[in-house]
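After this come two complexes, each holding chain A, first together with chain B and then together with chain C.
On to the complex of A and B.
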């Protein structure tokens, strides 16, 4: 059915899109700026071997930045895997077992979602300091052996705030899960382990994937929690960029953001495709 | 081969209820299911049929008592180690697998080689008239077809016992009737013991060799379909299976299984008591008479004859139902076949009639 759409509706839609995407487009365009100060656009840069991609190549030569990018990916990958496993198990446990204090454990699981992130960040910092202080003195650790903030604490913190999100997403998927299907598998000689891998997981897999993606993106761009719990050697991209902002911003930053956007865009497209495929299933 | 495929000995199952109380789903049930028979558990909603079946399958463990499958005590044996398979009420097909993978799942778990799995799966699908459906997904099939896949998925493993929990519950009436015959045919063909759960008494009667009637966690009566229908041992069974009349009275005299009951309004009834049932003079009893065993047309040697007045006439095609009011304001429903070529009613509303009944058709119930 084709219907004449109101021009007003079109205008509003266009405005919304401009509002949403204009900053991103400007950001990307300025990644190709020939002006180092990057205040006004002074034409497309064409310098060195990389031509218009000069700033992108500069990025690659920036050792600090490469290290931060690597850290970010390491943190995101590990915390995604860990929080997806833990969150999925938590969702399954909450879904199928009755145990004393279930209501409380359910609520407490979701608290990290609702409390301000800064509170969580400070809380984790206090926890690590107290814990590490205690361990260091008790076991007489000193020098390089001392436990201190760093990449490890960042990973732990990211796992902590991702688990509830994964659990929430997987639980939503489990709502429509027919437990009889698992019983059918057990009835057909599959033990608990095989039943999980052959029946339960494949059925809830789209939920687990959504949870993992959410955890991954949360970890990628987390600033606050990371800021409080990071230490030497634990600088992630958001922390690094924040540091840059206090100095001078060059189109290098825009180049970085552009790569970021492209990656996010690709991941989103892939997850959409995966979602559609599993729906068609 | 042991005589019994499944045996429940004093099996009870208690669940913690929602507010801390204890729900007894199955209460000290003992039943023996013979090898190769079509056995039904019949009873109203919540009487413990599903729970009994789930205990046989191993999804629930009895709180007390023991379950034997071909004389082997099941104890804590998990479902995947029991020689039984289940057809679930809502089929529970694996949504992420093809029909072929669904049917082959059990064999795969048993370690049968792929070629053999394929051969036996397609054989099983052929048996349920779904040959060539291997590549489809479950949700591309109709309810009746999914039902048959569920059957094939269970039967392909040649279980010692097949458990079916209201497998026809979700089908429409016509398909239901078809599947009843189909199930019966399959059972005869494969010769596997079927334990069938239903709350539909007609279904239980048409399909089963033997039926156990359950109520509130207890087995009230167990026997051949005809036995349960003709000789109910209590009011609940008589009422639940088919249609019947109940008349209250007191025992006046008794010789062996012949009992004279004095009904309300001073009517006398010559009735039959169950073998082994104890009735004494003066005892309050209920007499049950099936409407089709009563007649408005006299026959030679009818043991009981009552005068009454027709209160209602309902024509239902093959039969006509008459409600007759007797002395003492007692009502009897009488069912007469419309074998008259013109289906002329035997009596009209308000007519004075006589109701005839044989002694064997009037059964004394003590509880």
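On to the complex of A and C.
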């Protein structure tokens, strides 16, 4: 095998990486812009106590944004835990058991993966409005007691779109599962419950973790489903940013993006290192 | 190591079907209530008629679908909505083809890189994916707008050669929407393509070279056919979301680029015509499923490529 690489391939590769990173570099550089309108870079900002980090400090004082950040984390954490548990159970059921209605469970689990997200978003909006309308009129709820869209509906919707992906990932892990290990545990008089906790779960755990990570990412990034199912008190960061894009943007938004990118970079690096360490063992 | 015939030697206890039902119960309930029932409601609503005060009259007619086809009034063919559907399909097609063309060299480069470097190069592809979708749209506004980064760079370059430069009108435009779509979904294509390409063993390339194949022949006879499962998987991962995304066209397309996603969003939230919106949603779903099914039937389903 020749080790020589085509210079054309290297050139194209470099161009694609530039394409991937140009927007990110622009986002970060403009977080230090002294111009409030942020169209042209007019030099590094140096204002107030924070100096070049002026926009980052402004960010911390922005109540709406802090609330949106908190909502995003609450939604992501809650929906990740719930969808990981439900998705893992589903993967076990579909991969290892035969039961009536299995085909239905399987198909309903695959639909969200093959339809555009907007279809699910619109469906959830229609469902919640119909359900809440019915409950509110039946029980005569009014004022603050009325059921309405908000953080709760967002969390429920995120669970719904994450579960299929968790199930898919865990099933992939179960496919390579060596059943002899479980049988050995049973032969050694472990009951099914003990076998599951001491043998099965530790083996499929990497799959469960990747599923959870995927669910967390999907939830953090989600715009479409959240857009249709959110209401008062349920604004997440993507929804907040979308609102800004339609009105006015300042370097504050770039500061937010910069913090986001740095956190993501650190978390990804750490998970890579952890992955490498567990591979070494 | 597993012994292949262990199942016959030690007869495993038959798994309890009630356990299976209990394990599948939460997910089945969840998907029924939050997916199947809403889809049925939307399907039923799409045959209804808009009544006063946001009510729906259920008189089962085809008017909403006829309106989408532009033939609801006799003798007049209004192609407004058909154009939106065709435009969405065309944009999804263009984006997918461009993503394949841009992503392939990169996936190939990573797959052929020394084994120890591969994770690093893949990591670099993933980082942009993890910055928020909406924030990435914003980044393209900053780059493409009239006095934005790209026009400034071009103006500076033109200045070096003493040329006159008038800023290009790139935002808002169809071009901006296309570029941003390619950017947003590029990693979804690179990952499955890489998975397929990585599986091709060096010995195959060596064999091709020994048999006198040149670079061109090796690519079209060895590399490309073996990477097809990855391209199929990537195409599905890119085509479906592009068909339903409305935020890119909403922000970068100004008022010019209306896609079926924007149409649906406006019917449900601005125009308050959910029955028409429901018909558009059903059409979008059927269109995507039809294209995906046709495509996977033709090229074979690439489940293995999703495995990673």
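Rule of thumb we're sticking to: the second predicted complex is superposed on the first by the 270 of 281 C-alpha atoms of A that agree within 3 Å, B and C clash if a C-alpha of one lies under 4 Å from a C-alpha of the other, contacts with A are read in each partner's own complex, and residues count from 1 in each chain.
Rule of thumb we're sticking to: contacts are C-beta pairs under 8 Å (C-beta built on N, C-alpha and C of every residue); 3 or more make two chains touch, one makes a residue touch a chain.
All of these numbers come straight from a predicted model, not from anything done at the bench.
Chemist: Under the stated touch criterion, which partner chain does A:16 make contact with: chain B (first), chain C (second), both, or neither?
Modeler: second
Chemist: Output check: A:237 vs chain B and chain C. Expected answer is one of first, second, both, neither. What do you get?
Modeler: second
Chemist: In the superposed arrangement, which partner chain does A:221 touch: chain B (first), chain C (second), both, or neither?
Modeler: After superposition on chain A, A:221 lies in contact with chain C alone.
Chemist: A:190 in the overlay: touching chain B, chain C, both, or neither? Say first, second, both or neither.
Modeler: A:190: touches chain B, not chain C.
Chemist: Does chain A have more residues touched by chain B or by chain C?
Modeler: Looking at chain A, the partner in contact with more of its residues is C.
Chemist: Output check: A:199 vs chain B and chain C. Expected answer is one of first, second, both, neither. What do you get?
Modeler: first
Chemist: Mind sorting out which residues of chain A both chain B and chain C touch, each in its own complex?
Modeler: Chain A residues touching both partners: 178, 180, 183, 186-187.
Chemist: In the complex formed with chain C, which residues of chain A make contact?
Modeler: Within the complex, chain A contacts chain C at residues 1-2, 5-6, 9-10, 12-13, 16-17, 19-24, 26-27, 30, 38-40, 86-87, 89-90, 92-94, 96-102, 104-105, 108-109, 111-112, 114-120, 122-127, 130, 156-157, 159-160, 163-164, 167-168, 172, 178-180, 183, 186-187, 217, 220-221, 223-224, 227-228, 237-238, 241-242, 245-246, 249, 253, 256-257, 260-261, 264-265, 268, 272.
Chemist: Within their complex, state which residues of chain A touch chain B.
Modeler: Residue positions touching the partner: 178, 180-181, 183-191, 194, 199, 202-203, 281.
Chemist: Note which residues of chain C are touching chain A in the complex, please.
Modeler: Going by the criterion above, the answer is residues 2-3, 6-7, 10, 12-13, 15-17, 19-21, 23-24, 26-28, 30-39, 41-42, 45, 102-103, 105-106, 108-109, 112, 119, 123-128, 130-143, 145, 147-149, 152, 183, 186, 202, 205-206, 209, 215, 236, 240-241, 243-247, 251, 261, 264-265, 268, 274, 277-278, 281, 284-285, 288-289, 292, 306-307.
Chemist: Across the complex, what residues on chain B touch chain A?
Modeler: Contact set of chain B toward chain A: 57-59, 78-81, 84-86, 88-90, 92-96, 105-106, 109-110, 137, 153-154, 157.
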